[in-house]
Structures are given as structure tokens and as C-alpha cells.
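Order of writing sets the chain letters: A, B and C. Residues in each chain are counted from 1.
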Amino acid sequence: MNVRSVLGSARGALAACLVSLTAVALPAQAQAPRDVNVALSFYASAEHGGYYAALAEGIYEKHGLNVKVTQVGPQGNNMQLMVSGRMDFVNGWSMRALNAVREDIPLVSVAAVFQRDPQCLVHHQGAYAKLENMKGAPIRVAQLARGSFWPWLKARHGFDDSQLRPFDTSYAALLQDPKMVQQGFITNDGFQFKRQNLAMDCLLLADEGWSSYSYTIDTTQRLIKENPKLVADFVKATVEGWRAFLKDPAPASRLIKANNPQMTDEQIAYAMAQMKRYGLVESVDASGGRIGNMSDARWTAFYQEMVAAKALPPGLDPRKAYDLQFVKQLYPQ
Amino acid sequence: MDTAVLNALNTARAELPRCDGKGLYHRGAPIIQVDNVSKRYANGTVALERARLEIWSGDFVTLIGPSGCGKSTLLRILSGLGAVTEGSIQWWGETTPVLERPDQKLAFVFQDPTLMPWARVFENVALPLELKGTLDRATIQRKVEEVLNLVGLGAFQQAYPRELSGGMQMRVSIARALVTEPNLMLMDEPFGALDEMTRNKLNDDLMRIQHERKLTVVFVTHSLHEAVYLSSRVVVMAARPGRVIAEVGIDAPFPRGTAFRLSAEYLQYMTRLSAALDAASRGEEIAP
Amino acid sequence: MKSPDISRNAARQVNWGSSKLPVLAIGVGLLAVWQLVVVALSLPVYVLPGPLDVLKALYADSDLLFTGLLFTLKVTVLAFAVAVLLGVAISFLLSQSRLLEQSVMPYMVILQVTPIVAIAPLIIIWVSNTFVALVTIASITALFPIVSNMTLGLRSVAPNLQSLFRIYRASNWQTLTRLKLKAALPYFFAGARISSGLALIGAVVAEFVAGTGGTQSGLAYIILESGVQLKVPRMFASLFLISLTGIVLFALMVFISNRVLGAWHESTVKTEH
């Protein structure tokens, strides 16, 4: 063995080391977690189960995402948080995305978790058999509703502004007046009433032709353009989270309760039962396990309904409100 | 002042009760009779103890004494504003409180001008007449102008109190006191806040008005000069408890002027009263 | 009759004219800075509109905003009137007896410090007519300064003046109208200035809570609605009108107060050297 051959082997060994080191290092670099900020539309609850399941069960981690979920109070404006750059994804609903189109705000829905809106009309049990019977009844709806399902109720079902009463989130006025109708959520109010032994019913708007998506995953045009992979990974991971949550809510529930101390297992269970009973998540475009799916047809039809209800001007391009590429990646056919 | 007027004034003065410092010679019934009046406050302070005083028509009586001797208290009692704890007081021979008599003709001049700052001089002076409500506009106008001219402020009817000097405001206050043509005027250190020159001028004005209108005046002051100059009788009071310790008649003819201020008589009265006041300050009694 | 006395100068009211220029200059300066910031940071109109965007919205939505302004003004003015009448009446009662005043005042203070947002929903439940509910809420908000200041004023009548009125055997009514009310006027206006602004705040808060739409909607409702519809410039335009109303109301109260008190009260004298 001479010096040259020793040096030659050393060089070879060194090169081999470098190659294997690089082979190890590169994949690790490709998997460095990316920061993602998400804002919910209210306090943590079962309706946000997918996010928390993905967090609790390491699904986001697996996709290389370091996700931080922020709850938002009743007056919180998660749209502003997102368009000002503080948030990457927010919870939304169809009407807001279409409003954004009208105001040239670059908000885009990339997936829809709830195929049917949990919005319902709470009333005393037996007071109203059909939606039509509520015409002329006193009704309490929030400001948000004035811009979404209320104009639709007026146009499609003959309701009128004279029915409107001042709204606040308590049930006091509702309980005092047997004729009163108040907006509610099919996944929530029933639980409160059952606990207090009150006989109330809730009429689901989605059963009466209301076709809005709910709990959509919204983001900005900029993020889609600059980092489509991030968006795709986030949507994929969140949908997986929802599957996990619907199978077994336990890990997510722990996280939900940790973030929202007011929440209980019973309430989560109730919400999930209602989701299943009314087919809020796994139905319509999401049938066949295609959670989060959206369609052109649905968006267009909803936009037309809102134009007819004079809640939106005609002549807008509803396609600016959503982007199907990510759900198409998940569900190719 | 010419002799005729002088004589007239002296004659008028002759009808006033004469006094010699030892006792009082009086004529007719007193218009105010204060009989062993005491005033005690809830916290135990004795503002007045068994005060006795008589005021006759035409008197110019000055109450003088150290702080806390009860002179202002006594004056308020004379006006009917102050309640009495013990003893009695009669006005014009009756014990009915004077403020309850619809025809009472009493006026009070406070230490400060006590004008309504939001009203002009005219309204301020007209107030007593307006409160009575029985006179017509023209009569009120006439009476107000009359008294304002009397105090030398005829040109200031439309001024606000804020626009007047301290002396002028005081004169407005006196004018208001005179507008109801009272027969009894009670004055609580009215010139205390004014400078000496204004004070002397107002002293002379007051003397003149008192004689023109035949007023009875009860006057409270800290100033011995003022007391001797103006009064027909000086009542010296002492403190703790508040009480009357001496009454000294000022037996000098009216009208009084600078001559009186420089006279030996004046000096004598000043000396005597000074001594009385000293004794009062020390809490001693003085033999009558 | 000539008077040798040197009387003080006639009352001169505080001269607002001399301060108009600096006030406007500061305002224009702030607006310029705002516009610069928006342009420099390329802030989109739905995050922070600049003053020009707000102006555009004011012009474009002028019908809606004007109707809203009128409604809010109606509620405010009515609430202020109620607060004044009720407040003065209550202060009369309270000024009659120390015991009464001391027993009632703590409850008035409680009413004052309890946030109106907490009370408003209750009132809306009890009062069926929305407009009346709004006026009620705004009146409650505006009530305290009037009661507090006026009671103080009625008690602050110079004791010698009160004695004077007693000497001249003034009736209770005469003492009230000629003396007490007049003496309490400066205090009243001090309270009224604050109260007018509070009436506006109360009207706006009430509407935020009540939020009925239709023909009965004021500026606060427009803010809510614009928020939901993501029309941010209109939101700001509405906000601007509310501020403007507050300023105008205050200025109006100062003007009236100067006119009434001008001739004689210390607060309107220009200090001289």
C-alpha cells in the first residue's frame, strides 16, 4: 500500500460519506415544517373537529405543517385577519366568499366541510309544522343573516322585514313568546334546550332549499399563487383530520376542551350525532367519502338564488369566489 | 353745609335718644326689644348668652367686638333669619317673627354685595319690589332710579355686577336695601372689603341717607373708627360666650365730618372704646 | 351722574375665531398622514381605507348615510331632551333633602357605571317598540351628568342670596325660578355638554345591540351591515358621520351655553393683563 492509493481510498470514502450525508440531509430539509395560521369562526367546538383531530393525531405534522389554530370571539373578524396577512386560512361560508367577489377582496374558498348549512330556525315545539307557517311570525336573526338567508327567506318563502325583532344571543325573548322564531344551529341549540328540559324544535334551512356551503376553508389568492403546495397539503391534511374525527372524536375532543373550557364531551357527542343525522358533512358533493368537495354547479346555483333574492348584484363571476383545484387533486374523477 | 340745614339736622338729632355712657335715656317704646336671648349650637358652642338690647327709632347702633363675640349672630337674630334658643325678641311690640309679617319693612345688607350675577343692576335693585308683586312696572322703574341716584349709580342701570368695582357693587346692594323704603336697616360689615377712601365716602353717604330717610340702622363692624364716626350708640361685645359687655353713647351732633374725626371728643370716645374692646378681648366685664 | 370709578371691561366671550385655524390645520395634517400611510403601505381598501376612499363612499352612499344620520340624530336629540327633563326633575327632588340625595345618589352612580351594553338587551326585551327602546337606552346613558351637576348647582346657591330671598318673603316658587334655577344654570350647561355626547353614544350602542333593519336604521346599523357585506369604506364613512355628529353637538352646547351665560359668568370671560 502506497501513499497515493491511501489518499485515493480516503477521497473515495469521503465522497461516499458526502453522498450518503446529502441523501440523508435532503429529505430532512424537504420535511422542515411550514408554519400555518388558522382562524376559526367562533370558539372551538365539534364543528371544527377536523382541525383539532389533525392536530391531535399528528396529521398536520405528517404533512410537514406546523399549524396553529386560533379561536375567534363573537365579534372577531377573521376575514380581516386573513387579508391583512395574520392568518393563512379561515373558516367561511358561501355568502361571504361571494360578497368578497363583489368588493374585490381576494378571498377564495378551497374546500367546503359542511355540505349543508347547520343554520336552522328555533321555535317552540309544535308551534310551526312547516316553514310557510312562519310567515308573519316575529323572528330574531343576527346581522349576518340579514345579508344571507334572510333575503332568501323573503324572496323564496314570502317572509317580510316587518317580522324582524332585535336580536341578541340569549334565549330570553324566544322563551317568553310562544310565537317567536330565532335563528339557531342544528348542532348546538338543541343540546342547550334538552339540558334545561325545554321543548323546542329547529327547522333546518338546508331542508327547505337553502344551498349554502358552511365551514368552508378560505384562503387568499396570493397564498394559492405563491404556495399552492402548502394549500394542497393543508386541505389534504384537514380532510384526513375530519375522517379521523368522524371515526373517533376522542383525541380531538381533548384538544377542543383544552382550548375551550366551556365545551363538554356531551356537547361534542350531540353535535356529531346531529351532523350524522342530518347528513351535514358526508352528503351532496361529499357523498362517497369525498369530504370537503365542492362543485361549480352548486356555487353557480347558489349565486343565482342570491341574485334572485336581491342579496347580490347580477353580473359577478362566482368562479372568483372559489378554487376547485385542490379538491380535484383529492378527488380526481 | 349751611346753617339752616345744620340747625334742622340738629333739631332732628335732638329727637334721638340721648345717652351718656352710664345709662340710657329713652323716649317712647323701643322698636326692637331683645330680652335675655341666648343662642346655642348643637355642638355646644354658645354664640350668644343672655343678650339684652333695645333699639329705638332713629338709632344708629353699632355692634362691635372681637371674632366670635356673636355680633353677626345677633344681627341675624334681629333680622329674623336666625333662630333663638332661649329668650324672646319683639319687633314693634309684637313677638310674631318679623319675617312672617307681610308688611314688614326690614332690609339687610350683607358682608358681600350679594348681587345676582346673572341680572343687571336694575333687576338686582328691583328684586324686592318684584318679589312683592304689587307694584306696576312704571312705579318700580321710578323707585329703582331714585335709589340708584341716591347712591350715585344712576348711569349704571344696565351694567352687570361683574362689570362694577367692589365699592360700586356695595352701593348697589345698599340701593337695593333702600328700594322698599325700610324703616329698619341691618348691615353686617358692609364696608369691610373696601379700601379706606371708598369706605370713608360710603360712610358719609350712609350717614346722609340715614338722615334723609330717618332710618334706624343696626351696624356691625370691626372698625372702631367707623363705629365712632357713624353711630349714636356703640354696643361692645365679648366672646366665649358671646355677650354684650358695654354700651357707649356717642353724644356728638350730626352731621359729622372730618372735623369730628379730628376733634378731642372723637379721641376720647376712641380711647374709651379701645379700652372696652381690649377688655372684651381679654374676656373681662366692664362696669357700666 | 358721572362715576369716577373705573369699571371693568364689559364681558367678552371667549373668542373661538382665533382657534379655528390651528384646529383645522391639525385636522388636515392628520388626514394627510393617514392618506400617506395608506398609500405608502399599499393597504387595500378593505383593510384600511384612506380618507379619499371614505370620501368616495360618503358621496356614493350619500342617500343611505343621510337617512341613517337622520335616524340616529332623531334618537339622540329625543334622548337628550328626555335626559334633560328627567334629570332636572330628579335633581329638584334630590336638592330638597340631603337624606334623599345621599340615599338615591349611589343608585344613580351604579346606573352610570354599569356598561350600557349589559343593560340594553334587557330594555329591548321589556320595551316592545324598538324606537322607544333605543331612546330609553340612550336617555339612561345621558342621564347621570345632568342629575349630578344640576343637584350640585341647586345646592350651590350662595347662602346670602338665599337669606336675601327669605328676608323679602319670597315664595318657594319665586325662589326656585328667580334664584335657584338661574344660579344652577352654569352647572346645568356643564352637565349638558357631556350629556349630549353621551346621548349619541347611547343611541349608537343601543342600535348595535338592537340592530333591527328595515326603515328604522341609523348609522350604527349601517356600520354593522357594511361589516357583514365587507364594505369597509362605507363602514368608515358611517363612523366619520357619527364623530362629526358628536363634534357638532358639543359645539352647539358650547354655543348655547356661551349665549346664555356669556354676559355674566366667569367661564366666558377672556383673561386680560
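We take it that a residue touches a chain if its C-beta (ideal position, glycine included) is under 8 Å from a C-beta of that chain, and two chains touch if they have at least 3 such contacts.
Computed from a predicted structure; not experimentally measured.
S.K.: Farthest from chain A by Cα centre, which chain is it? Let me know.
M.R.: B
S.K.: What chain pair has the highest count of contacting C-beta pairs?
M.R.: B-C
S.K.: Using mean Cα positions, find the chain sitting nearest the overall protein centre.
M.R.: Of the chains present, the most centrally placed is C.
S.K.: Report the inter-chain centroid distance for chain B and chain C in whole angstrom, where each centroid is the mean of the CA atoms.
M.R.: Computed value for the inter-centroid distance: 49 Å.
S.K.: Report, in whole Å, the distance between the mean C-alpha point of chain A and the mean C-alpha point of chain B.
M.R.: 91
S.K.: Using CA atom averages as chain centres, what separation in Å is found between chain A and chain C?
M.R.: 44
S.K.: Contact residues on chain B for chain C in the complex?
M.R.: By the definition above, chain B touches chain C via 79-81, 99, 102, 104, 106-108, 110-112, 114, 116-119, 127-128, 130-132, 149, 152-156, 159-165, 167-168, 180.
S.K.: For the complex, give me every residue of chain A touching chain C.
M.R.: 77, 79-80, 83-84, 96, 99-100, 102-105, 143-144, 146-147, 161-162, 164-168, 170, 172-173, 176
S.K.: Please name which positions on chain C make contact with chain A in the complex.
M.R.: So the residues of chain C touching chain A come out as 44, 46-47, 121, 124-125, 130, 133, 209-214, 224-225, 227-232.
S.K.: For chain C, which residues are in contact with chain B within the complex?
M.R.: Within the complex, chain C contacts chain B at residues 1-3, 5-11, 158, 160-161, 163-170, 174, 178-179, 182-183, 185, 261, 263-266, 269.
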